[in-house]
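Common to both upcoming complexes is subunit A, partnered first by subunit B, then by subunit C.
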Partner chain A sequence: MSEKKGKHIAIYGKGGIGKSTTTSNISAVLAESGYRVIQVGCDPKSDSTTILRGGNDLPTVLDTLREQSKVKLEDISAVGFGGVLCIEAGGPVPGVGCAGRGINAAVELLQDLKVFEEYKPDFVLYDVLGDVVCGGFAVPIRDGIAERAFVVTSSDFMAVFAANNLFKAINKYAPSGGARLGGVIANSIQAPHSRPLIDDFARQAGVPVIGYVPRSMTVAQSELYGKTVIEALPGSEQADVYRNLAKYIDESHDSVIPKALNGPELKKWARSWGDRIFEAETGVVQNMESI
Partner chain B sequence: MSLLKSRTPRAREKRIDTLNAWLGAAESTLHQFSGKEPEQRIRAFSQSAQDDLICALRLLGGVRNSVTIVHAPRGCAAASLWRHLQTGGGRWVVTNLDQRDTIMGADRKLRQAVTSAYRRYRPEVLFIVAGPVAAINNDDIQAVVDELRDELGVPIVPVFTSGFASRSAVSGYDIALHAIMKHLVGSGGEIARNEAVNLLSGAEGVADRLEAVRLLASLGIELNVLPDAAGVENFRQAAGARLSFSLDQDADNYLGIVLEEEYDVTAIEQPRPVGLRATGRWLLAAGEALGIESAARALHERESERVRRELGDFTLEGRRVYLALSPSTAFAVAELIEELGGELAGLSVSHLGRLQTAQLESLSSRHPALQIHVADGQPFEELNIVRRIAPDLYIGDGAHLGQLSRLGVPVVSLENSSLLGYEGALSVARRISAALKNRAFTEALAVAGTPYREGWLKRSPNWHIKKEVK
Partner chain C sequence: MSHSIDGSRNSCALHGALQLIEAIDGVVPVVHSNSGCGFQHFLGVNRASGSGVACGSPPVSSSNVTEKHVVFGGSSRLREQLKNTVKVVDGDLYFIVSGCSTEMVGDDIPAMAKEGRDQSFPVVFANTPGFRGGVHHGYQLAARALIDQLPELRTTHPGTPGKLVNIWGIVPRQDPFWAGNLEEIGRLLEGIGVEPNLLVGNGQDSSAWHRVPQAALNLALSFWGEAPAERLAELYGTPSLVFGELPVGSNSGNLLRAVGEQLGFDPERTETFIQAEEIRLHRHLAALADTYFRAGFQREFVLVGERAQAAGIGTFLVRTLGLIPRGFVITDDLPDGQRELLPHAFGDIIREFGARLFFSEDRAEIAEIVRELKPGLVLGSALEEGVAREIGAPFLKLSFPLGDRIVLDRACAGYRGAATLIEDIGSALLAGSR
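Now for the complex of A and B:
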């Protein structure tokens, strides 16, 4: 790694949960604050940085490696909103190869190209698919690449399940120099139970929730224009939500090793929330509780 | 930035533009290295070749009182047999990864292998060499290392080879040396200085190393010999030594770089001491660096006089010689052949990079049209070239002697035989002389013909070497 390495942060979460949107908006805020930022999409879908680039095409690292033997930084990067350097690791043709190995090769190539030494970023954000934490997708949180990881989750059980898997991976790698967990970002907060459910899950795992991002039309609208909220609607309330998240990531250095729930614990916990939501909807109030 | 911070060093083709496939005149070969980076070529057809895992295992097997755990499916450990066949040494264990391990990860198996290898052998150091499966499924070797290093109280060194990440097998030497220095010596700490001089010897046979030690020791130089046959303490001592001399600037190059850049131990790199002239230059360079130039000169004069006397009227005059060796050896032997009055017919080298540009330049100025072939393995290409050139003698490292002999050309293998220094020059001359006199065996083999059909042999030898069109 370089002497001026910058803060390397990995953001994980289940596919479709809004982690690219969240990451891109955080990148945009950091860039807006004057920091040099690199965002690396580590997902074979390669759409992590789309809204930072106005929806323009960007060849992925692996596509470029497939086409040419010598790869230069300018072949695989584009400068997006606020000067954010956008890179997409990409993946093999769907159905073949090993996407995890692809992430590995892409990260190795970035180190080989001395991207971090030469660009001297203040922040590098890795936006990583968190559905399957196989060895390859764990690369950003291993071997001291990212020092902190954040997980984006909604109150859907599958998103919580993916977050719990990430906790397991952090538990495994943190003792040998891997990343620690910075916290949970609660996304798509809409239903009344969303926030308490995520809070409770975070409490069980012993991790902080660093922000709540409400489900908002502002986000959908900005994305339709191929922009982040920070660029499209900088004065909106939603933009301030992302500003607060970025501020936390910038200013706080706290991190923990989470306590992942095991299979039966997670199931039991989920069932208890199923009961509470059902009771709330059917009007049962126990022990003066409200959710 | 510390070289040792990264997990592995850069692959040879990236670090020093190493080529693995090429056929052309010396002049145009040199031209490849005149620009920023040479044009890499690939093979459309390839016979078997070595990989970084093989080279790493070869080097690590030579570390004294060590055990190597090959973390791979069982077949990958076959490479470790090389040392057993060559020297009978090198203790190794394979984790025998199976289907389940590739899916679930095999850290438990690795932990077991390390623990039981330690209990059985009580080595000074354990190496864990990752094979292709661990490189693909990202098995967490580091966690096992961290955990067991404390528990067993012995250095455990993870060596991250993959078998596929580099095109140059010799990258494996660099990866192994990087891991050894990173984990056994480390960076940043206080290093105690000592008076010894490092003799870097990773790829030599015992006879060659003994000859180098004999010469330097007779000049009163205190030596620390590594990495082959060295123990943990030798690596630690190396970081505080006065200087490093290398016996093979190709295999030992990276160790010299690490010692120089990390620990300020100047590395003196000279072409291999092969033949009288080169051995003299090598000794004088050592003498100059240590302020004992006149003793070195006297030793050289005394030894070379003795060798000349013993060589008598031996000459290679009128003989055309083809060489197929590792690059630093090939260039050095080329000089010896000319010193003995012979003529070079062509060169096959296993790889070629910027480490050899000075020697290539010198060769190209003497023989601009001499054909240079770069191939690791590839007996077909080599045989096709040698058949066309029809030299009077073929000198190789042993790998293709069987096939080449069937051309009826006298062959000499340098594998496991003495080559370096004054004794080496005598030994090579004797072997050449014997091969040129006793031709009946290769002539008898030639009756059987080559294993390739005429249609294949009619194709130009570089038929399968293509420019990469990407």
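Now for the complex of A and C:
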């Protein structure tokens, strides 16, 4: 990956966990700091960059590709907050065709259009749909398109499960030139057990947790304005949390190949946490750091 | 474990389905897949099968989907293709078959077939991606589709009650002698009073398939014919007879006896017919006596072919012609648990002569077997020609692919097929002894 093409980073995580919110806020911070940033939404819902663009419409790459054979960068991009170039890969009508292959086709088109050579971004952030369900959604972390992946998770078991699946995919592709893992972003931290649970999971997998994003009303409020927290409430504590995240991603170049837990290990791990949370809730005193 | 197959002779399900469909007059296949699928069928199957291929480009309608249809779904492309096909080709029945790409992305093929029917075009479909199985399974899938979906089209073509027999299990082109074999088996069945429903080949059209439910008996002439027979038993309670080998020579008499008995025919009449055929065969054998010894018929052979073929032809070569079996290589991809189930007479031969039995569809592996057994005669496909030459054995091409041999309606089944088989083997031996 040459210098002028920038740092390519993929953000994964279970559906609805906060990938788009987190990614958009990180993009906003990086742009605010003077970097050239492209955010690519790799999700048929095509709502990744909404809060960077004040909620305006943006034709997706695949919709445009379906309608016209010759596609130009202007047709499929919009400049959002702080100059972030916003692109939505889009996808087929739900229940039809193959979204995985669609993401592939969209990313290939960006390469064909020489978007990265010409726009010369410092950062390209890929916000990838949900769980890694099949090969199509693993495209951004395969073949060296993104060099680092981050996974957003909450302390919900299904979110951890999805994160673990991403670890498996990275494990598979990293040795042959795929992305390595930059770390875990803990989101929607609220319950007392959230932080120690995610820490414990990350420790088992041998990966760093690069930031803890509290569950906050500022996020919902900004979203209603069609903005990132950085744009809507730049002075808030939450904005600083995103600034620290972006700073880490900018300054640290560390990455690891995670050790994914297998099915029984994950189940056993989850059960042990179930017991601890239950005991905590029913008043059994336990040695739990943050309670 | 996964492994690669060298020079496979078993194509994919889509191709097996096409082979069945193309053998029924007036039925128009519409392939819903990328263009390679239909083309590979033309190049890899039809051209190599030895039977006729229409001139020019592959005459099959295909939706030729590209990446765009994979991403966004290809149903509308299929709709368009179907619309164009009914305009250009006047068929009695349109038959949509799907390939790997369109099945992977989940195109709704049944809905497209229904759309066609709603516009009063007779359309049926089968989901036949190669990942569902091989050529023989494709034959089964297409047969099943016709059995299940034709009654919805409500056209009646009654057969004679109590006499109609459907014949299953001979896969067009995969058995290069399919057309002749069916015709000969039909002739024999007619001889004892049966109304044979051949279903494919010379002049057979969709009306034959509409008659299928009225049959008094379903006859399966290979393992691959058992599934359609079972389906019909489920739907209509039709009895079936599994005769898991190609009837060749005197064994055809056994088939006729079994069918006659099932249908409650007068055994004497059946026997009279069989005897006339037997006399004819023995006259041929008597006429052959001098050549038999001159060409040294009685030699060791290896036969490479599908199970039904190997069992039927093998039994005839050993029991009637007195050849000595060295080995058999079964090439059809039989499911687990099926491989060991050999027809009795064939199993007896293997035990009695200590013949070796192999299951393989790999050219290199089969060549190694032939090399090791070093027989005095090799019967197989074009893929065995090289190794036969290498060991200096006379060679006869019998199984798919035939490559450079043309077969139109020559048979190797029945009594007439037995006679042509003797001619062919004799000619190969005489040519080899020059």
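In the analysis below, the second predicted complex is superposed on the first by the 279 of 291 C-alpha atoms of A that agree within 3 Å, B and C clash if a C-alpha of one lies under 4 Å from a C-alpha of the other, contacts with A are read in each partner's own complex, and residues count from 1 in each chain.
We take it that contacts are C-beta pairs under 8 Å (C-beta built on N, C-alpha and C of every residue); 3 or more make two chains touch, one makes a residue touch a chain.
These figures come from a predicted structure and were not determined experimentally.
By the touch criterion defined above, A:93 reaches subunit C but does not reach subunit B.
Counted by residues of subunit A touched, the larger count belongs to B, out of subunit B and subunit C. Look at A:16: by the touch rule set out above, it reaches neither subunit B nor subunit C.
With both structures placed on the common chain, the touch criterion links A:142 to subunit B but leaves subunit C unconnected.
By the document's definition of touching, neither partner reaches A:206: not subunit B, not subunit C. In the superposed model, A:62 lies in contact with subunit C only, and not with subunit B.
Once chain A of one complex is fitted onto chain A of the other, the partner contacts of A:101 extend to both subunit B and subunit C. When both complexes are overlaid on chain A, the residue A:192 reaches neither subunit B nor subunit C. Within subunit A, the residues touching subunit B in one complex and subunit C in the other are 98, 101.
By the touch criterion given at the top, residues 1-3, 67-70, 98, 100-101, 104, 108, 111-112, 117, 134-136, 138-139, 142-143, 172-173, 175-177 of subunit A touch subunit B in their complex. Subunit C makes touch with subunit A in their complex at residues 67-75, 104-106. In the complex of the two chains, the subunit A residues touching subunit C come out as 62, 65-66, 91-93, 95-99, 101-102, 105.
Touching subunit A in their complex are the following residues of subunit B: 1, 5-7, 10, 14, 37, 40, 105, 136-140, 142-143, 145-146, 165, 468, 470.
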